[in-house]
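Multiple structures follow.
First subunit A sits with subunit B, and in the next complex the same chain sits with subunit C.
Moving on, here comes the complex of A and B:
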């Protein structure tokens, strides 16, 4: 376990030095702060919900892109610098190496999510306060912001990014170069969000239902990680949901790490 | 099989040789884990409410969908300003695909096509009937997302009445709206009005007699007195005998 944490800490340090992390973080922070200016576009939903949607959207999409980019970078950096050989020669197992890499990137994603949340929460709070002053009756029916709910929604986005990072790590063990791994990672991001689409095609009789249901069982459904409504809900139902989502993410993380270990054994290093 | 292996190796992207046994192993692990995750840990994932697939293709951009929908909506307004029906419809479709859960884009989009653009269709060379049909078709697609929303049925009734001039359809849509929870009071009154306009006075009378006792007298939006007056008006038109006329509980 100690070796896993050492690799994770080294991965985190290395990732923090990547320019892509700093760039993506700055862009995301600027976007979240800028949602105050974009709020006039809220034709289809209430203003506060629109701002929350944009903030969580940036958190979720940014974390997913970061997971793809960073996971690929840290894996191929190890391969190209030959430090992977060194680690394996020193008795570090393949599973420890992959777990350490995933843990390092997960910590980085957590840091990203926390920083974005630290920016998003004041934005949401400021708008809610301003709207409350304008329309005191608007939040009568518990439609106001809920801090615990905001945290749960951000946590779910982080979980999703971690599952994607694990899947990209598996892809990286299979890929010859980082461009291929990143491209496939982006495809995975779209495919993992499409489980509901396949189910819909199946229910419409477009494709054989068994095939679509089979696909639904093979891959994680990222739609389940969207807990943005929790930000406005006062009940504790979302806590149970978050616990179950954690199990879901851990299970898929373990599956992808397991597949990665199998793949790494077959890879010529 | 051999051809697939050859293609796999010639694409020069994979660091490992293709092996069917390994591929099968991957599938088995994914299926086993997937069944455990989807059926045991999160069973409602596979049972997630699935409506129209079109909008769900954009799920991967997550919360940024509303922004995209609003930008597409603004573009549709710009195309509408130019009188370009085809582009307006295209941007409207994009807006509703990006945010299908918002009734705003469906209802305003349908109105834009079926009423606004259809009204100036002759000048722009488009067919008014085709535009009215396109507007109604857009609203029909919205049904999969908003069937339980009374305002969807109110909007639909409005278009059936104004664009299609079909009072029968409008009456039925207002009735469906009025029977849904959270429906505005006027939906029930408009259902009766549509029936009266079609000469279905007995049905309108029966509907209003059923409606009136349910209206809260203290709520001005319910307009219980107005409904009462309309009942009397219909009774006069029908020349109903006194014993068949509507009486409130306290009058009996």
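Moving on, here comes the complex of A and C:
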């Protein structure tokens, strides 16, 4: 595990120096802060929900793009610089290498999510306070902001990005170049978001329908990670949801890393 | 009684095939290579690009598995975890993360080799002194020249104190002075008793290292021996005279022929190692070269 941690720490350090991370983070922070201007449109009590949707949307989209871009970058950087040779030649196993890379990017995604949350939370809190002052009956009981709910929604977005990063890492072990891996990563993002729709297809019909139906059950369902409504729900049960989602993400993460290790063993380096 | 194995590096009937393209066309990179290198010996791998030198080093570094045959380092399988601690590998022209300092990078590699923090610190300081980078410990890797980056690459191969060093073109892209400094470092390591296997295209500089020379072509070893044999010192004799006219050269050829000798080459310069290298490659491909 020490080697995994060493590789993860080095990956995080290096990723933080990439301009794309800083640019994406700044853009996301500006976008979230910019939702304060929505007050001009006088949406009333629904403004809070709207701001939360935009904020979590930015968190989710930004984390997904970061997962694709950074995972591809850190993997191909190691291959092209031949530093992968240096790691493997000194006894780092392929699984340690891939786990370290994934852990490094997961830490980066966590940092991104935390920073965005640190910006989103005050925005949501400020708008809720302002709206309550204007309209004391604006929110029904339990429909206001829920801190634990906001946290779990952000956590779910982070988990989703980590699963995507694991899938992109597997793709990178298959791909010959980073552009191909990034392109396929974007495609995977769309496919994983469609998994629930495919699974909901009836199994009656020809083989294409059967195939889609089967794939819908086989692939990770990214819809399950959208917990933005939980930010407003006061029904509790957050720990159970968090544990369930974590197990779901770990299962798919382990599958993708396992596939990546198998492919990296076959790959001529 | 010494427990040192008689052979530091051994390749027995090693064949390596790569599969190329979607159809998996087989490309043979190494073809039944046999090689035994004694502990403390320096072995220089020569050959044109694509002759299999880097593949051979990668197999010894455990980065790839042979398609047939076996590679051993100090008596253990080259792919085993134990062999990893015995070898130090320097790939051809590696690039390092530019934002790290020289010291931090070496400590990172030392810890990845399994050393604890204090041992990593100690080994880093020692190896920096060996390669002459002690005064650059806090310098960012991205600011180093090509020559210094190559020295850093050598340092990372040495940081866990391996017995066998595998160096893939350590002087590639380095200016003559930098190359000379790198070879001086290799000589220093040789004097410390390290077994060194290196590939290079710098014939004259490699010859100064002495030891064994292995010439490869199309995945096969076409020559293995010492440098005097490679240069053909036992096969021919060279004399230097004032310039000879064509008539005198013909006369000399006739004179030698009458005594059972052949004038193999005549020219204004001594035959260089490069000429011998090209001759041997041509002999192996059956091209031959006119005198």
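The rule is short, and it goes like this: the second predicted complex is superposed on the first by the 248 of 269 C-alpha atoms of A that agree within 3 Å, B and C clash if a C-alpha of one lies under 4 Å from a C-alpha of the other, contacts with A are read in each partner's own complex, and residues count from 1 in each chain.
We take it that contacts are C-beta pairs under 8 Å (C-beta built on N, C-alpha and C of every residue); 3 or more make two chains touch, one makes a residue touch a chain.
Keep in mind that this is a model prediction, so the values were computed, not measured.
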item: Subunit A residues touched by each partner, larger count belonging to subunit B or subunit C; value: B
item: A:177 touches, of subunit B and subunit C: first, second, both or neither?; value: first
item: Touched partner set for A:132, first subunit B, second subunit C, both or neither; value: neither
item: Touching partner for A:13 - first (subunit B), second (subunit C), both, neither; value: second
item: Which of subunit B and subunit C A:85 touches, first, second, both or neither; value: second
item: Touched partner set for A:33, first subunit B, second subunit C, both or neither; value: neither
item: First (subunit B), second (subunit C), both or neither touched by A:268; value: both
item: Contacts of A:58 with subunit B and subunit C, given as first, second, both or neither; value: first
item: Which superposed partner A:115 touches (first subunit B, second subunit C, both, neither); value: neither
item: Which superposed partner A:259 touches (first subunit B, second subunit C, both, neither); value: first
item: Touching both subunit B and subunit C, residues of subunit A; value: 268
item: Subunit C contact footprint on subunit A (complex, rising order); value: 2-3, 6-7, 10, 13-14, 17, 80-83, 85-92, 268-269
item: List of subunit A residues in touch with subunit B within their complex; value: 38, 41-45, 50, 52-61, 64, 173-177, 180, 189-190, 193-197, 199-201, 203-204, 213-214, 216-224, 226, 228, 244-245, 247-248, 251-252, 254-255, 258-259, 262-263, 266-268
item: Contact set on subunit B toward subunit A in their complex; value: 12-17, 19, 22, 25-27, 29-31, 33-39, 41-42, 45-46, 48, 50-53, 56-57, 59-67, 69-71, 73-74, 95, 99, 102, 104-105
item: Contact set on subunit C toward subunit A in their complex; value: 18-19, 58, 61-64, 81, 84-85, 87, 89, 91-97, 99-100, 108-109, 111-114, 156, 160
